[in-house]
């Protein structure tokens, strides 16, 4: 386990997430893609922190990423619910216009 | 790093990536969601290897909880049978794949090619305590920003997702003894 | 081989029995329950849990088919027995235990099942009516055929369809039958529910008839019970116990069950009424009980009315009125018709409590092929 | 590493597993005995129930169900036992512990969140409406109990100034935390009962839905799930002893004896509560949990923080 390997794994997770976020049609699946990207970010941040500068403050960044994930999920669920209620649809393709 | 821990790391790394890929490959929404949960648990375990005990355990805790709830949303909102049904709900598959591969090449190439500097500083003896001190000390402003943000998210999400306010449930003067359920008589008034 | 038989002997010490009651055979079922309790055997909640299936009474055609399907869901080793009279119960239970231990019988049964399973690839209707597995019968899923996708259906199961729901979320509708084989459930009752999540959005009610009048009906069919009013009283008591058991309030439900058994055992009326009094006081005082059914109108009142029925019926005995009238079939049919209106909008837990608090008597429903409406 | 805490090696892990098994069987025997008394049978015949039930389920066949998601189903079934074991790993027995994690309290919490996923998977995998309703019920219940439980765990951690279970035990040398954190203790115990799908919080396995998540389980699968429930109760009782009841402290006997005695006492209370109280429907629970219990625990935390700062 070196910094390089950790970062490569993180890059792989991030890329899988990119694929999911771009290719999926369903809102919740897109959210799963975003989650996976953030998963990669967490791993990369942790690797960089441990192998480069293990100062106490660095961990705060990870907490912030986790908090960001929570916010993303909560809003994602809310938007998915709203979309479902108003459009009877959970597809991103059908929610491209701005009309209610 | 001992060879045992190294092996553990590789196993976890493979699990996390494989589970991540499985998310978009399996046919069942329940399986997709829990594959993502497995990916998170594996990354959480890698964090434990990196001595980030608190963050690692918190990641596992939060993500399993989140995926348990997410599974419900998946089943509620996906316009498909949640059973083991072959499903293909993608658009622009090839483009996404190319782009994702490109991202991987750039990031992984960068990670391997960049000449990373030597390690500066030593980790504190008790990382969890040092994290707590950072949060409550020098980095307090960060947390002060994050907490109202989380609160605002809660409120905003509720406003977005709930079609009815408490006046709908408890009557005009909030006097009703028991809240009216959604869709019950008088709900639309 | 010795180990196997040793395990089998231990296993047969405490078999789980799935008791199926046919409308009209309440006394047989109550006797069976008491017998199980004395033996320390366990009453199963679902066919998957059971080793023995005991059918009390003679089921009509449709009911029999369902019972057959439930029988298929017993994992085995398994034994199927029936009793049509309270006196038979003890005997058939002894017999069932012997059959459960009989290696040859069980082997033959297991082999027969494998053979059948090999012939019929899949039974898509897999036990749906029995104890309410998902009814995937709705094959009309035009809405899903977009993009020319022709999706294979795993196990031949169709897709659930969406439908308007109370939260406006267009959730999938599941069609689930509650009953007729369900613990603490009126005999033969089937409530076909449309569920979204676990909220009942629609229901249709039916009682699956027996193949003939039960032994506790007068042979003239005039709506009179055979024997004493004790059975009537015990039945009320049984319904009190059932409602408490649904709440999993075991300390009190067990008291009601013991009371029921003492009624059946011809305990002196004073003893019984005193215990009814005490139990009623206990129930009235229980704040946790009141709180837990607070949001379900009529449940607590129904429970108290049922408890009152225990005493009222017994007072009839004092008046030497040995043939207590049953409820009229018409009145019972009316109560059945109310059920959909009462349970729509409740979740399954609430619906079960409401139905239990009605104290239905399905025994008055005419059996198959009889002229009495 | 906390003072006086000895981490034991692989052999200790085996011992912990065996011990958890014994305690769980005792819990099942106690439950059977109470049930037998209530039914008016001999207590001893009830106490033997786990043996007979175990033999019965070992003999019974497993079921295969059309279109069941067997993989997820089996993960859920086996998972509860595994999670209970992982919980016990941070519970000290006297001076010994399998893993003296610096974040032991959070670890326990993370493991009980795992139960969310596992119970739902058991309900989901069976492809049966009753089981699925059971799974949904559990998640609805989890949303009510988890937050109070988390805050109840926070109390002892604040008082001890550490998330290490060994430190929490050591901090109770003079006064057990249960004395000045009664609310947190009670809420924690309720949380244990809730994540074990037990008694008043057993709606997910309720009689009204033919056993709910248990409805379709037979044979070894059922045995594992039932054992998992008792193991979760046992692990929770053990953790309550470490967090609130001073761990192994006590006169005359060695500390491991005291840990066991206290654990069994708490466990008996948790098991017994099943017969005393009716089941709480999750929608009824939500109101109480968020409006009454959560503020009560927060007040308790405020009190604890005051005392610690003083």
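Every chain is named by a letter (A, B, C and D) in the order it is written, and numbering of its residues begins at 1.
One rule holds for everything that comes next: a residue touches a chain if its C-beta (ideal position, glycine included) is under 8 Å from a C-beta of that chain, and two chains touch if they have at least 3 such contacts.
Chain-to-protein mapping (UniProt): A = NADH-quinone oxidoreductase subunit K; B = NADH-quinone oxidoreductase subunit J; D = NADH-quinone oxidoreductase subunit H.
Owing to the predicted nature of the structure, the values given are computational and were not obtained by experimental measurement.
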*Averaging each chain's C-alpha atoms to get its centre, pick out the one most distant from chain B.*
C
_Out of every possible chain pairing, which has the most C-beta contacts?_
A-B
_Per-chain Cα mean versus the mean over all protein Cα atoms: which chain has them closest together?_
D
*Counting in whole Å, what is the centre-to-centre distance of chain B and chain C, each centre being its mean C-alpha position?*
44
*Let me have the rounded angstrom distance from the C-alpha centre of chain C over to the C-alpha centre of chain D, please.*
32
*Length of the line joining the C-alpha centres of chain A and chain B, rounded to whole Å*: 7
_Junction residues of chain A, two or more chains touched_ = 81, 84-85
*For chain C, write out the residues touching at least two other chains, lowest number first.*
154, 157, 162, 167-169, 295
*asked:* By the touch rule stated above, which residues of chain B touch at least two different other chains?
replied: 54, 58, 69, 76-77, 79, 83-84, 127, 163
*chain A residues within the chain B interface of the complex*: 1, 3-20, 22-29, 31-33, 35-36, 39, 42-43, 46-47, 49-57, 59-60, 62-64, 66-67, 69-71, 73-75, 77-82, 84-85, 89-91, 93
*Parts of chain C lying in touch with chain D, wherever the complex brings them together*: 7-8, 10-16, 37-38, 40, 45-46, 48-49, 51, 73, 75-77, 110, 122-124, 126, 131-135, 154-157, 174, 176, 182-184, 195, 197-198, 244-251, 254, 258, 288-289, 291-292, 294-295, 347-350, 352-353
*Touching chain A in the complex: which residues of chain B?*
1, 5-6, 9-10, 13, 16-17, 20-21, 23-24, 32-33, 36, 39-40, 43, 46-47, 49-52, 54-55, 58-59, 62, 66, 69-70, 73-74, 76-79, 89-93, 95-97, 99-101, 103-104, 107-108, 111-112, 116-117, 119-124, 127, 130-131, 133-135, 138-139, 142-143, 146, 149-150, 153-154, 156-158, 160-161, 163
*In their complex, what parts of chain D are in touch with chain B?*
67, 69, 71-72, 101-103, 106-107, 109-110, 113-114, 116-117, 120-121, 124, 127, 136, 139, 142, 146, 163
*Name, in rising order, each residue of chain D that touches chain C in their complex.*
35-36, 38-41, 45-46, 48-49, 51-53, 55-56, 58-63, 65-67, 127-130, 132-133, 136-137, 199-200, 202-203, 206-211, 214-219, 222, 274-281, 283-284
